[in-house]
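These are the structures in question, set out in turn.
In the two complexes below, chain A is the common chain; its partner is chain B in one and chain C in the other.
Right after this comes the complex of A and B.
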């Protein structure tokens, strides 16, 4: 049971807040640099995300008069906390996660939903028309990508016969050939993750040309910095989850080699996400709903069916 | 979104080619030939026909005459704030002067085309923004 009690160190330093924040910053830079290079631009220097953060922290934080003061200021912290907590259940180096229990996969998925919920509440409590429209879009979008994401992850869980991220990673590390079975699920999960992170082509909630900044319209200064950091952290946790569930995690390696593999796999996922961002233009909300429910969800269901059949065979 | 991955090859190729852009304040692209930048004026050959003034679509250029001999220049002493008029002898050949309002100029170089004596020409200067006015009001 001691594994269920994470220390303050693992929550605040590694793999929690500090590590996740630093790695999220790096992942954001890698994403922006790749995006720029694909568009044949030079791209930002490595310290650009840090400079952006410092700039935002130095700016004045304005809370709208009509907004609920407490909720408005608390929500960014809740988003960051949810991402940090989710990271505890995903293996970082070696096959073990800080916290592991049967069903932590479900816990991770739900913790990763909390940032989106805070985006909605943030927009709603801002009392701005742009923020309200953006937050309603965020919530509508949530119902389209969440189901395919859950279904695709559950497919891998069925094949591994476990609902623990750590055990799923260990199962696939022992039988790498079975990873190929989950390839359609991997594609579904990557697309759903792109939707979860609200990035192009699924950046409908904060489409700048239509609804200014969406839920973040009224946010500024430190609070906005926290929200953006939460998005970066969510990207890392999502990439780590995909690497653990669909790519075999650390493949049994521990220590520095395991960590190097973790970095390689998460940055690989970030590369694919950046490629998607560069490849496509924003689609409309109803197009996204149609795409997620008519294409992603059936593929994920077929994936589950295939997993059940293969589970019978082996 | 008929073919969402149409640009894939282009994008991946971009990763391995030199960027098309440069880090501007540190590196500069060469200005193309016949670039229309800031207008340069050569007073010595100006005959004061004011064709440039007539043709200028944004009323950005003014040619005015120097009344022969010398002209007076007002200086303000920084220490005492006293105004002093200084007489400066006129350049024998210089009979006209041009004033450009760079905030109005659209850099069409029509004045360069119109000038019969070729005393106006386009230069390759394009960094014309300044942080503050160089003209300081006299201290009191």
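Right after this comes the complex of A and C.
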């Protein structure tokens, strides 16, 4: 039991559920505020995401009669759990992650796919036409951005010669000049992350003017709050992953300085994501498929090729 | 692939007013579309018969929240024609000015809504912030942001003071500059082009056959504008271009509207700089001589038609309003079918529909015409 206590602490308090939830809420506010300022709006006060959460928790949770009660209620928790588990393998304040092993990069990417899978199942089990169309869109979209994202991350992994997030971060922290090699990969990863988080211009599954709430149409109250929290957490984990793989992680700094760098880098990624959201209109599903397969995937492949060649040189 | 039927509306985030579009989908492709309107019957035409002509103006003003001035102008022109009243030039100029300011605010409002429909909320926020300038202009002229209540039978109710003119010209300059920026956005922004080009096609011959009007018709390459073809008020003396586009798609409708905004700014400036002197209204007797008349007016959404029949009393015998949206509904199913689900909201929005202004309580079911009496209407509400 004693050996379980530190793991439980990591999963539930830091950097897991509580920390990730709080930081996700902050990131959501930063995103909303930046988005608003880019649109010449005032934007919400800092406590708005918390107020939204409290409001949602106070609301009645309705489960459609035709939906599978257990699955419908379990899915939001699965999404949150996946995001929290993924966070354990990404370095936060220092060069080290809580859990690290060869291949944890693949585990993180796999865990980050689970929320999207739960979105699909959630929409599918809602038995609403809007949710059904939305979830099919979510799944179709998944196949377009996942491959470029994986390819771009693997490019960096090849250069670092490791499949561990922590080791990749350490490799680039020791050789910051090599970060420039992966710039195209960074752009691909940022775009793919935007698709993963289903935000403009890739918010096709949630396009409110077309499919109302998309997969979440039938969700309400606490369950919806959990799903939204899972999306925020996914954004933080995604930003942290990009920071570790493409930006050198904490650059060897530890303690408060390392944490400050983590905050700066993740919020920087959030800034870019907000900028993308503000600059574009929502594209259509087939346009997104075309963009991801014809532009992002080839760029990521070229990136891998470049990484292999440079690896030979050094 | 199996066909799915999805109802869009009567309550749906894409719709600002209730209407129903029954879409048959094959995957994302729309293979069938049924348009059902009629959720908003308000009985305005009937109510007009129970009130005097002057009171009717207040009612007519409220047909549409966006083109309120278009409807009152059309109605007042009809009554003035019946009464054989000659409206002073200055009043006509003020009517044109407010009418063009209204077109400005309506088109800018539409551009914002169109941005929202394609998920471009930044465009929406930008345009609506700039639209505040024209709202301020309207408030300055009419005292109100939405129902300016400038029209009365025989002229207008408020004059344009010289200091108003300077302020209006200043605001028009800002609007013109901002609109030029939106012309650039509308013709160059890649994601906007990707969403609007080739969407909601309405070929020229179909547009004419189905009787489309306004920017929808002009974007299909038909050169028609009541302001030029049937000059009323001062329009015959003004210098303006009728904007058309041969694109026949939603992008064409975007381009036509933003360029029309620039034309409207020009008209407003010309009117303000050449404001005729004289009274702003003539007195018209309360009893209107018997007769019937049809007037046309180019509202922001297209040709607005009012029919007024008088029986010699101070109340009209019959008032009929044909809002421009009614003429555009017929082509809607044609524009939706063959498109994708993602294109449906912007295609509907592209005709700039005004559901409430259009709806009348005539029911055609299985080819049989019928009307609802008050009792059954109440039962349904």
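One rule holds for everything that comes next: the second predicted complex is superposed on the first by the 308 of 314 C-alpha atoms of A that agree within 3 Å, B and C clash if a C-alpha of one lies under 4 Å from a C-alpha of the other, contacts with A are read in each partner's own complex, and residues count from 1 in each chain.
Everything below uses one rule, namely that contacts are C-beta pairs under 8 Å (C-beta built on N, C-alpha and C of every residue); 3 or more make two chains touch, one makes a residue touch a chain.
Only a predicted model underlies this, so the values are computations on that prediction, with no experimental measurement involved.
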| So, on chain A, is it clash or fit between chain B and chain C? | clash
| said: Tell me the contact category for A:278 with respect to chain B and chain C: first, second, both or neither. | reply: both
| request: Could you tell me if A:212 is touching chain B, chain C, both of them or neither one (first, second, both, neither)? | output: second
| field | Touched partner set for A:130, first chain B, second chain C, both or neither | value | second
| said: Touch test for A:34: chain B only (first), chain C only (second), both, or neither? | reply: first
| query | Which partner does A:42 reach: the first (chain B), the second (chain C), both, or neither? | reply | first
| Most chain A residues touched (candidates chain B, chain C) | C
| So, does A:200 touch the first partner chain B, the second partner chain C, both, or neither? | second
| said: A:257 in the overlay: touching chain B, chain C, both, or neither? Say first, second, both or neither. | reply: neither
| request: Could you give the residue numbers on chain A that contact chain B in one complex and chain C in the other? | output: 38-41, 201, 278-281, 283, 287
| query | Which residues of chain A touch chain B in the complex? | reply | 34, 36-43, 201, 275, 278-281, 283, 287
| note | In the complex, chain A touches chain C at residues 38-41, 129-130, 132-133, 200-201, 203-204, 207-212, 278-287
| request: Write out the stretch or stretches of chain B touching chain A in their complex. | output: 1, 4-5, 7-8, 11-12, 14-15, 17, 19-23
| Complex contacts: residues of chain C adjacent to chain A | 4-7, 12-14, 25, 28, 115-123, 125-126, 129, 189, 191-192, 194-195, 340-345
